[in-house]
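What follows are several structures.
Two complexes are shown next, each including chain A; its partner changes from chain B in the first to chain C in the second.
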Partner chain A sequence: MAQKSPAKNKKAAPRSPLALWEKGPGGRLLTNDAGCHAWVEEKDFRRVIAGGLGAKDPLLKRLSAGGFVRERMDFDGLADRWRTLNAHLGQGPGLHILVLTLRCNHKCLYCQSSAAGEGAKKTDMDLKTALKSVDFAFSSPNPAITIEFQGGEPLLNWNVLKAAVKRARQKAASSGKELKLALVSNFSLMTEEKARFLLAHEVSICTSLDGPAGLHNNNRIFAGGNSHAATVRWIKYFQEKYKKQAPEYRVFKPGALLTVSKHSLPRHREIIDEYARLGLEDIFVRPLAPIGYARELWGKIGYTPEEFSAFYGRCLDYIISLNRRGVVLREKMASMMLEKILNATEPGYLDARCPCGAAIGQIAYNHNGDLYTCDEGRMVGWEGDDIFRVGNVFRDSLRKIVSSPAARACVVASNLEAQPECSRCAYKPFCGVCPVYNYEAQGSLWGNMRSNGRCSLSKGVFGAIFARLKRPADRKILESWVAKK
Partner chain B sequence: MRPETLVFKEERRLATKTVSVKVDLKKYSLDAARYAAYAVSGEAFVFIGTAGKGSVAVALTPKSGAPGPRLKARFIAELEDEALREAVSDNNRELREFLTLKALSPEKRAAAVPDSGLTPEQEKELADLISQVEKEIKEDVRGAAADPLGVTSTWEDKYGAKKPRKK
Partner chain C sequence: MMKQQNIKELVFETAVYSKEAVDLAAYVFSGRCGVKVLPGRSGARVRLTGGDGLDGLAGELANEALNQQCRIDLAKKNSKLAGMIVTKALLSACGGKNPGIRGGK
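Let's look at the complex of A and B:
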């Protein structure tokens, strides 16, 4: 980063640095709006804040490079970082979640997607709604969109899924828009024929894997058989296809999501080993949220933010130790945050944006054509409270959806500059709040961050990441997770 | 026991646990007191009231078992921290605004456009035309003023329909 010469500012009075701070192990973490960070020892902190660094002070050079010293700022470089870190502003909705059915053949302990029984066919999305939803998604001004097929179990509505995939590919060809298609499935209904269709249409595949068989099957109850066996079988199938690739189309590496329940907490090694055994290169250590059915069962399956933070730290350490032994495995949440922290790049994670992705970054399309700020907002609607409903795919325009009262309220409530705690927090450049979580857990879109479980949990995750970035050996491995190839 | 009696007893129980801190507004701003109050609001109910000229009284009532003196000490520590954060924020407000404006300004994107191959006269003519159109757009209250980033525009509004790509 080129810096302004300090000579011109020789006579200027020392000024405090442009920084937010947080207490950490052995010092303070400083961050700024451009997403730069630096550690200073506690003994130096007051001196730094008072702007009392002399020209020969070694700290001056280090802090100048991070844009903390106002007399030595690279305005172009910092503005560039700010811009790329906040690249989502002005793009329009990029993620379009089509809930093809609420039916599911699993009865997971923590189910957050508010699934209905297998017989509830009235909760299937019909063909007309699916095609209209695809067309609606393409009306977004975002040049790159992702259509994600979800449920319930979306394979229970296979014909509609197939038609929606074909329509989306046709629309992508005619519009010139970049399109990603993604399917989230438990794999229990996957067949060779379905898999071939999905591969040929470049649909990326993601499933749930909660760890070894005992733990997975305990969390993800499948009356029709062994959930873990079906999941593992198809992960291996898609891994094999990925390795071989195909001349006519791209084959994506399959992904898997871990949902952490209370039962997972003592078993981090077994869970991570299971992912490594299957050759999965990413593990997303996702906390449960007290939304949907999980809220009712929180006492049995939930945990405190402190318990999750400790678990997350153990997971990170173990994954890093596996990396040292040559295993390719990254923790997904850390990877996304490292994209922001190290590369000042917006990784497309809608849960940690300012403002949040509600309607302006994503839209959830319910089976009946109703549109919601996000999938979590849709789940609240399923419980009988339509506060996050932003319109209907047949009746409303994109403009009306994005400027609906619910969307506006979520944008205002998730503006970190207006959140008293967040506006002062060192993790602000990388974080985001969730109005749906706040509403469900604390009874208001704004919430109260000082007693907010999600905030405590995020602070725990950031604390764990920054603590490991401070250790040179760990930092090297974390940097490799987001190194530009 | 009647419900009103229960409420009264609870109020009395809480009142006995309440601790109060007087904040001198010559030393700390009201905003710093408010932020500090928010910072302890996870553990305590906080009530800010006037306390004579130039000061406020902050009453802290623990939500659970947190002892009053510890809560008071935490509030004072938060107040000091907030005063420091406020000073840093005030010192840098204009600089922050400048940087944010710079990041959001389209200047950078314009600079990245490759050489158009036009003569300086043609460039000026084009620039005048663009500025005239931009002025017209700004006057269209329904469009630009309501949605400067074009988030609510459709793909076709923004980019127009494209021809299918050749395979």
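Let's look at the complex of A and C:
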């Protein structure tokens, strides 16, 4: 413990606070760059900012322990905490998103993936590009590589998917890097044969589930049948395989993603009950972004940040109440934020990093080999604006891509220390901005956080999480979501 | 006969706004209406031309100029810290030698 001696710091006012703060229910939330947090009542807060805490004041002791008192800081401890919270700064691109095809057999209301019709031409990744993309992913300095197969619907390009999986496993074995493979699919084209291959090669499976059949099928339109039925059938299949496991390989629990549309807002209980019914242990309450098709239909399917925040709070309360009844279910966004807030660890959520993950944490590989800062950046490219294109897998090296003007601009623009609103925000240690969102919604990579919808929404989510952390009974449950086993 | 265009003009006082902030804000709005930055007696003038809704756009432009000015002012205070974070992130991602942030191990 290396506490700074008060005597050596004569310039500082006695017991002056070093904190970011935000008004919350019944007081102020204090945070600092090391990711510590503390609640103080409003009357105490006034004493704190005036430097009016006496040497024997119990509040001084509590705030000193969290690194909030300038003259009593444990620099080594706080630096260690900052380092683990920002571990991503030393890693390089870990997530590699291969867009195997732009074709999709669904026509989802909110699709952000710029999907093309099932019969579209020249929208599949060819074998050569897929193998080159896998090799490129392994040129990252990151010792842990995740390759995510996306689309469109990636099962429409099955042979290339299979070859890419095999190549990735070979590369992992020869390079010694840790490899995670993930498939995001709507399951409508899943077969026993494909499922067996994916299981045998330890590919984790994720799908979309928007709630009960009526709501899901209303959002996720599938001319070829009942999207919900196919999704549920294969979730159950992979759940069963997970329970049984296999002697030769690890079987992962299947995951599902919820995309919240306007139609979801009054139905939080039904949606969560559907996840619980299927034995899914995580539900990711994801907001829509006004990108792709969703932007054109925003009036019909979108909502205000305040509406989403209220919905999110209701979801958290209901999930917590189910936990009290013994149901194992966590909200994924909260879990990832709690990893930061409670454990000071970086959960690998690229949307909430400083700087954001664009090119330095993730790379999106388009079907034709073009490389983008992220999948959202690729979608902007599909709309005709290639501002987020950083190179091509055949022509450029990783170094060239990371040092491309687009990558550097995104890194600089998403540095919260350079954002006027963010640099003083209490949620800064846990948050991140998205240059693609800013560009699409406000016309510049920097955006203007005072009127930024994503910022309002993030503040709503953090407000909901911290409000529940303040209640001892809720806090206990939230702590259990990220307890180290 | 020429159709009369809607015009809205804003003045940004030099005492408050730098030319850089005004130029950046004007650029952000250049895709939404006609934007022209002109010299003025006490600061920069920004002339907006186009169709309807110029009053709303003018308000948004004023907010954006304030945002840009705050960003420039903030950079004067903590550009060193911001620069260290960006440098570390970019160099690490390239696989280059990783610079420790001062005070780190």
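As a convention for this text, the second predicted complex is superposed on the first by the 470 of 485 C-alpha atoms of A that agree within 3 Å, B and C clash if a C-alpha of one lies under 4 Å from a C-alpha of the other, contacts with A are read in each partner's own complex, and residues count from 1 in each chain.
The rule we apply is simple: a contact is a pair of C-beta atoms (placed from the backbone, for glycine too) under 8 Å apart; a residue touches a chain by one contact, two chains touch by 3 or more.
Source: prediction; values computed, not measured.
With both structures placed on the common chain, the touch criterion links A:450 to chain B and to chain C. Touch criterion met: A:92 reaches chain B and chain C at once. When the two complexes are overlaid on their common chain A, residue A:360 makes contact with chain B and with chain C alike. In the superposition on chain A, contact is made by A:75 with both chain B and chain C. Once the two complexes are overlaid on the shared chain, A:176 sits against chain B while remaining clear of chain C. Once chain A of one complex is fitted onto chain A of the other, the partner contacts of A:408 are limited to chain C, with no touch recorded for chain B. In the superposed pair of complexes, A:343 makes contact with neither chain B nor chain C. Within the superposed three-chain model, A:49 lies in touch with chain B and out of touch with chain C [touch as defined at top]. In the superposition on chain A, contact is made by A:138 with chain B only, not with chain C. Counting contacts by the rule stated earlier, residues 75, 79, 83, 89-92, 140-141, 360, 398-399, 402-403, 420, 448, 450-451 of chain A appear in both its interface with chain B and its interface with chain C.
Touching chain A in their complex are the following residues of chain B: 34-35, 38-43, 82, 84-85, 87-88, 91-92, 95-96, 98-100, 102-104, 108, 146-147, 149-159, 161-165. Interface residues of chain A facing chain C in the complex, by the touch rule stated above, are 75, 79, 83, 88-93, 140-141, 354-355, 359-361, 398-399, 402-403, 407-408, 411-412, 415, 417-420, 423, 442-444, 446, 448-451.
Across the complex, chain A is touched by residues 24, 28-29, 31-32, 60, 63-64, 67, 70-71, 73-75, 78-79, 81-82, 85-86, 88-90, 92-96, 98, 101, 103-105 of chain C. Every residue of chain A that touches chain B in the complex is listed here, in rising order: 15-20, 33-34, 49, 70, 73, 75, 78-80, 82-83, 86, 89-92, 138-143, 173-177, 360, 397-399, 402-403, 420-421, 424, 448, 450-451.
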